[in-house]
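Some structures to go through are shown next.
One chain, subunit A, links the two complexes that follow: it is found with subunit B in the first and with subunit C in the second.
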Partner chain A sequence: MKVPQKRGVRKGINIMRLKGLIRKESYQIVRDPSSIAIAFVLPMILLFLFGYGVSLDAKYVPIAIVVEHQSNETSDFLAGFRQSRYFVPVIVTDIQTAEQAMIERRVDGIVWLREDFGKKILNTGDAPIGVFVNGVDANRARILEGYVRGVWGKWLERTSIESGRPLHIPVKVKERIWFNAEMRSRNFLVPGLIAVIMTLIGALLTAMVVAREWERGTMEALMVTPVQVREIILGKIIPYFIMGMGGMTLSVIMATWFFNVPLRGSLWVLFAGSSLFLITALSMGLLISVVAKSQFVAGQVAIIVTFLPAFILSGFIFDISSMPAIIQTLTHVIAARYFVSMLQTVFLAGDVWPIIIYDGLALTAMALIFLMIVKKRMKKRL
Partner chain B sequence: MIRDQAHGGKTPEYVLRIEGIEKYFLAGKQRITALKGVNAKVRRGVVTGLIGPDGAGKTTLMRMIAGLLVPDRGEISVLGMNVARDPLKVQASIGYMPQRFGLYEDLTVQENMDLYADLQGVPKDHRSERYEELMKMTGLAAFTRRLAGKLSGGMKQKLGLACTLVKPPELLLLDEATVGVDPVSRRELWAIVYRLVEQEGISVLLSTAYLDEAERCQEVILMHEGHVLGQDAPSQFSGQLNKQTFMLSPEAESRRRLQERIRLMPGVIDAIILGDKLRLVTDQPLETDQVVQRFGVGSESSVQAVPARFEDVFIALLKQRTPGDEKVAHLETEKISHPPHNGSEKDIIVVEKVKRRFGDFYAVKGISFTVRQGEIFGLLGANGAGKSTTFRMLCGLLPASGGKLSVAGKNLRFAAAQARARIGYMAQKFSLYVGLTVRQNLRFISSAYGLSGQRQKEQIEWALDSFELARMADTPSKDLPLGYKQRLALAAALMHEPEILFLDEPTSGVDPLARREFWRRINRLAESNVTIMVTTHFMEEAEYCDRLVIMAQGEILGQGTPEAVKARFRTPRNPDPSMEDTFIAMIEDYEEKEAART
Partner chain C sequence: MVRRIIALMIKEFLALFTDKKSRMVVIVPPVVQLIIFGYAASFNLDHVPYAVYNEDSGRASREFLAKIQGSPNFSLKTVIRSDTEIGPLIDTQKVRVVVHVASKFSENLLHNRPAEVQIIVDGRNSNTAMVVLNYLNSIVTDFNQQWAILHGHSPPPARLYVRSWFNTALDSHWFIIPGIVALLTLVVTMLVTALSVAREREAGTFDQLLVTPMRPLEILIAKALPGFIIGTLEATFIILVVVFWFHVPMRGSVPALYLGLFTFLLSAVGTGLMISSIAVTQQQGLLGAFLFLVPTIILSGFATPIANMPPMVQYLTYINPMRYFLIIVRSVFLEGASFDLLWTQYWPMAIMGIVALATAGWLFRRRMY
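Let's look at the complex of A and B:
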């Protein structure tokens, strides 16, 4: 029996084999709902959950205002709080009651107007107030503090104009109010969220499908054919790249239509950046599957090593520049960091080339590095 | 046995040469030797069997030949190519079917074949012709559009084979291709393998844990615990035991008593129960009258010299290797004996027209049988026959969809918990807590059965002692050898002194020595009136049972003693059918009837 010699051993990619692998993968995608769920249902759920559920704006915060001595000035001041949609003020007359309310978490902050509030402002032009905020949630506390300052500042300004007397107006105040009042937090959350979702989809898709092949014993059969490692890698990346870009498109449509996030940059930049990032994420998934050969472990590892860092260290919610220096350095190896920055720029600011080029180069480097590691680590061995 | 020839002597007669292979694996900090000093050769154009129990190193060796693992020492050359150096070239000229066939279950038969044709680089214009040949050979032509996951076990196996054959390989490697599939499919696979060898000149290396398959190979490499015990033609192997194997028909005593009596007598290599007879292997050739004299088994008419089987050879070789390993197992059966209530003819398990439905699929289709107290009762069938479902219903783990089930006088519909307290259950794969030591496992399981205080202590000591586990008491059970795991699982199932013991595939994969020891314990238990119910897909193991039912597709095809079941299929051409012959004949009968009905 003649055995036909294999054509083009060694170098290059055999198109017939690659096509075969991609066709197989597509059949599996169509017939197995789990990968479709990961690529399309998961981003929808996460976007709805985060888009509607998570908001960094503090609204209708219950706050206790201690008015030790009623006067025209205090009621004027109180009106500022009553009109604000950020606060639900509760008026009390002594600080003890307010403290008790804070301990019982009935209010999140206390504004303390001392007995001499009215007098001081008329006499010295200076009206100090006491502010306590519940610091359990540091982030919220800071926002709250800013709001209180805002209301206070506005009141001071108004009083100053009305009375024609110069007053000491704290400088920082305006900035804070502007940032939170003008911008909905959703606008910068949603683009960041897309980056986090794409990390999860990319890594989960490849890690799970390769682990599934190990589990079902098909990988062993695949390995014994003359197929080459690079063909296996491409055979996984190409179909799931298409899936992932589908998920991306869906997320962008949801962001602009449902959440009314503006898209100020150009679509092709968005497409190019997403492609680079998706390749990185898919390679991370492949790398995970080199180590984790069961779907359960692969899923866990993918969440822990890709999703969580992307969530915490990408600057999507937590500001990178306020992290300790070591952690800041660490964020440079998180691919999602560059993608978050790129997405936020493209969505909210437009094509700001210095940022886009920097992030794009970083993503290209990461994609190449991960692909190289995968190529090196993935062997045709058990 | 084949001696290692000088290097470089390139004899095209061999398609595979394995020289001085060693392979280690790391398990935690321990280095485990998987293969040591393995030498073997596979001749062109024949079927060579790689035979040995689980843990022998068969799969490791197969994977090395296929280039999936690299040996730590030694060299493998396939068709003159060094596998470790040039795996891609080797992989282009061999076919390899892994244990689970390597099929994509969500692809159709045709799509699977196309994929492997693409991967093997079969030119498009050659395909239709090759497909046609393969479909004819495997009988899958009618199913090309069916998903591979929807095929039966036997059909999957054939599709797996077809996929590895899309490009005719020079050497075909089949890793445990016949394990777990039904005997009919097994027989068909062997027919295909021989057709390949004859018509296409393919050389085949096939690994299996079924020792009886050795006789179907033209050459056999026998492995045990990482070593090669020998390589030769099967007839040469069994020729070594000429005039050393006999069948005894006990006259005055029960066959189990007889077995106990002569098992440890000097000169006895093996004594096992087969049907109503006892199979004896001696360490030197004897005439039948000498056997009568030496073992005191009545008259000469009750002794019959028989040809040696491969398993006899294997046992003999193992005993040669590990002389004096045989320890006397004193199972204190008195402790678990129960006085017979009203004579031992009492029916302790009654199954009447029991059905079990999953969705619109009937896994069990109205079966009826009864089991008497103190009996060893077998449930025989291939994977998917409905054995496990029946078993789970009997243990009260799964409610029946219809019919009546009673165990130890309790109707399982109303008193499952009460019935469960009186049964012991040893699950497939033993279900031990792998992180716990032997003693911790015993303590946990005994408390789960409600034992405590002094009695629990006693029972744990009894288990450690009578199952010879004391030496291993503080070893984590994951580090136990398979045979010990099996013993521990049995001990755990017996600590609460059950009346009925359920064993689900208890001996699959353990080596024949451990299997013998296991069955000896089971026999002792039966002697002390414990009822034993066992499922198995080892046809030959069915012969150890007092009575059995044979199941296929949720129905009972036959029941009775092994002898009675076999007797139905005695023909002039086959006057002494084996259990496997019987099983195949029953399946064929059944299918004929089915065909007539529709």
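Let's look at the complex of A and C:
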């Protein structure tokens, strides 16, 4: 009898109460400057540091070149390495010295021209060039191998022109790299870093907020007022959302102005996508603090479930499509995955709607699920 | 003194392990993350989806394309018939590469004219693009060599014979998985230490601790030991999984690895306790832990090489303990290193650890609220 009436009252949101809650939360933010630091200062420092520090472009790689017998041919071959900005060649005369340098990690690779290098080129051709790379960092080793092949290919063309002997290359490859012609790794790493950093900010801002209120008992005080659960949730999210978007804006400005990442998509898509992601990240933070209920556990959980998954499973640096199928499925629960994909596309490729819509829908679904669980868990204690 | 330390240490363990949630957080995630990250984190590319656009009808082009199809690195998604199909396929990342064989490919090949293949790559992830191009280039080089032999062309003046040391197959799992030892050990020790003092400060029990007969040094040791013990146990577990589950070869000396682990834990526990004693509230402790963890991990050389960083950032990594431990772990696992090659990596971590621990102990008394 009373139930339907009560329900009628409970529907909707009382703007005045919500305003009050937001004001209370805002005072809390202003009085503890650490959350302002988290939202504005932290993304700038981290993006600055990582934007410079994180790079997969190997340049000036120290490499030992063993020249056992100097001749015109060897110095011709060496010229290619000397001119390349990818290498810092160190010339040695025997392989033992070069191997020792590689074991001591002073060089990353060895190119070995044997005693008969010059003679073989002039007579039979097919002179063997030994190339050893340090395979500990396999990715770097593979890039290095590619560079050496490039120097070798150019040298072949050069000598063929100089000697007048035609060089037969049956199949010639013409490479076209879309979206990032100069292959700057920073162009895809900086958008990815923004996603990782915003994941952290979102969780840090809210993860301990509710847990703190439980611990201090202020949540119970809030519960006995007419304020409803959804108003509490909104009151928590709105102020932090505004701050988070401020941090996001700073990050985008830094990415385009400072790191010269092209922004090919439209600004409003970027804005809408970031809002969706931030809401998801904040609700995940709320969820953590509602479930954990103590700040200690909330803090521990926040460290574990936010940073490392966003770093490793989001596709920010490790390619998702090459992971085993089970792990690929698993990455679908990582919100950062969608944001990374969206940011990389909007920054580098433009408004590719199939990708943007897919990622946007996934983020919306995640945010709704998180918020629903938060609401349920909070109600239980009423 | 020893009795007091042990008593306080037992209390620390109880604080960590009596709460079921907290117990779970310290034990379960590292194990789960180890397995997931071990499989996920790699720069290897398998089954890269690609499309073929063949304008040539000759046999040679089919032979050439069969080479790519036969490679485990690529998986053919679709065959297209016009230029206009390329854009949407790459834009939406349905394929990463389009291999475009121009018309007259076979004819040119047979008449010793250069036959052209155009490769269009999605450069959104430039590293993936670079690796894909390297794979394709080596397929092309192989094809060219076979073609030259079959058709009696004279060999090129010189040829490359590439071999890689320590990791013949260039499997990047071997690079990343030993790194996970450092990664998870650091995270676990931070979890255990970073909030331990801050929590007691907030609850007021730390003041009570300070008025007991315990000296700051004793408190420090008792607070540091749980981090050490848990860190050592979890690291050992992770190392065993790396060796026996992921089959990464362990070629070097185990004592050298454990000396590295010990100095690394010293620096990690020290930093964790230092952060914890600077913080007045748990919120600040958590913030500090994040502020330390995130740059430490990202700028450690775990995923992107330190050598690629600009010199300024490279200098900065000298105060990053994980940098040293990563070198130790990878050298011991893959290069078979022993103490003589590694001593330069041990002492920086030891110094950082001692300085951080001393600061933490000093802060115990100075910072009272």
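Everything below uses one rule, namely that the second predicted complex is superposed on the first by the 326 of 382 C-alpha atoms of A that agree within 3 Å, B and C clash if a C-alpha of one lies under 4 Å from a C-alpha of the other, contacts with A are read in each partner's own complex, and residues count from 1 in each chain.
Everything below uses one rule, namely that a residue touches a chain if its C-beta (ideal position, glycine included) is under 8 Å from a C-beta of that chain, and two chains touch if they have at least 3 such contacts.
Since this is a predicted model, take the numbers as computed values, not measurements.
J.: Specify the partner with more touching residues on subunit A, choosing between subunit B and subunit C.
T.: Counting contacted residues of subunit A, the larger count belongs to C.
J.: Per the contact definition in the header, classify A:14: touching subunit B only (first), subunit C only (second), both, or neither.
T.: Only subunit B; A:14 stays clear of subunit C.
J.: Taking the superposition on A as described, I'd like to know which of subunit B and subunit C A:223 touches: first, second, both or neither.
T.: A:223: touches subunit B, not subunit C.
J.: Counting only touches as set out at the top, which of subunit B and subunit C does A:119 meet: first, second, both, neither?
T.: A:119: touches no partner chain.
J.: Could you look at A:31 and tell me whether it touches subunit B, subunit C, both or neither (first, second, both, neither)?
T.: Touch status of A:31: first partner only.
J.: Quick check on the superposed pair: does A:145 touch subunit B, subunit C, both, or neither? Answer first, second, both or neither.
T.: After superposition on chain A, A:145 lies in contact with subunit C alone.
J.: Counting only touches as set out at the top, which of subunit B and subunit C does A:294 meet: first, second, both, neither?
T.: Second partner only.
J.: In the overlaid three-chain picture, which partner chain does A:69 touch, first (subunit B) or second (subunit C), both, or neither?
T.: The answer is neither, since A:69 touches no partner chain.
J.: Enumerate the residues of subunit A that count as touching subunit B in its complex and touching subunit C in the other.
T.: Correct list for subunit A: 32.
J.: Mind pulling up the subunit C residues that touch subunit A in the complex?
T.: Subunit C residues touching subunit A: 19, 21-22, 25-26, 29, 33, 36-37, 39-49, 64, 90-93, 96, 109, 112, 114-131, 133-134, 136-137, 140-141, 143-144, 147-148, 153-168, 170-172, 174-175, 183, 187, 190-191, 194-195, 199, 202, 282-287, 289-291, 293-295, 297-299, 303-305, 307-310, 312-313, 316, 327, 330-331, 334-335, 341.
J.: In the complex of these two chains, what residues of subunit B are touching subunit A?
T.: Residues 63, 66-70, 87-89, 91-94, 96-107, 111, 114-121, 123, 147, 160, 163-164, 167-170, 200-202 of subunit B touch subunit A in their complex.
J.: Taking the touch rule as given, give the residues of subunit A at its contact with subunit B in the complex, in rising order.
T.: Residues 1, 3-7, 9-10, 14, 16-17, 19-21, 23-24, 27-28, 31-32, 216-218, 220-228, 380-382 of subunit A touch subunit B in their complex.
J.: So in the complex, which bits of subunit A are touching subunit C?
T.: These residues of subunit A touch subunit C: 32, 34, 38, 42, 46, 49-50, 52-59, 61, 77, 102-105, 108, 117, 120-121, 124-143, 145-146, 148-149, 152, 155-156, 159, 167-181, 183-185, 187-189, 200, 204, 207-208, 212, 292, 294-297, 299-305, 307-308, 311-313, 317-319, 321-324, 327, 330-331, 344-345, 348-349, 352, 354-355.
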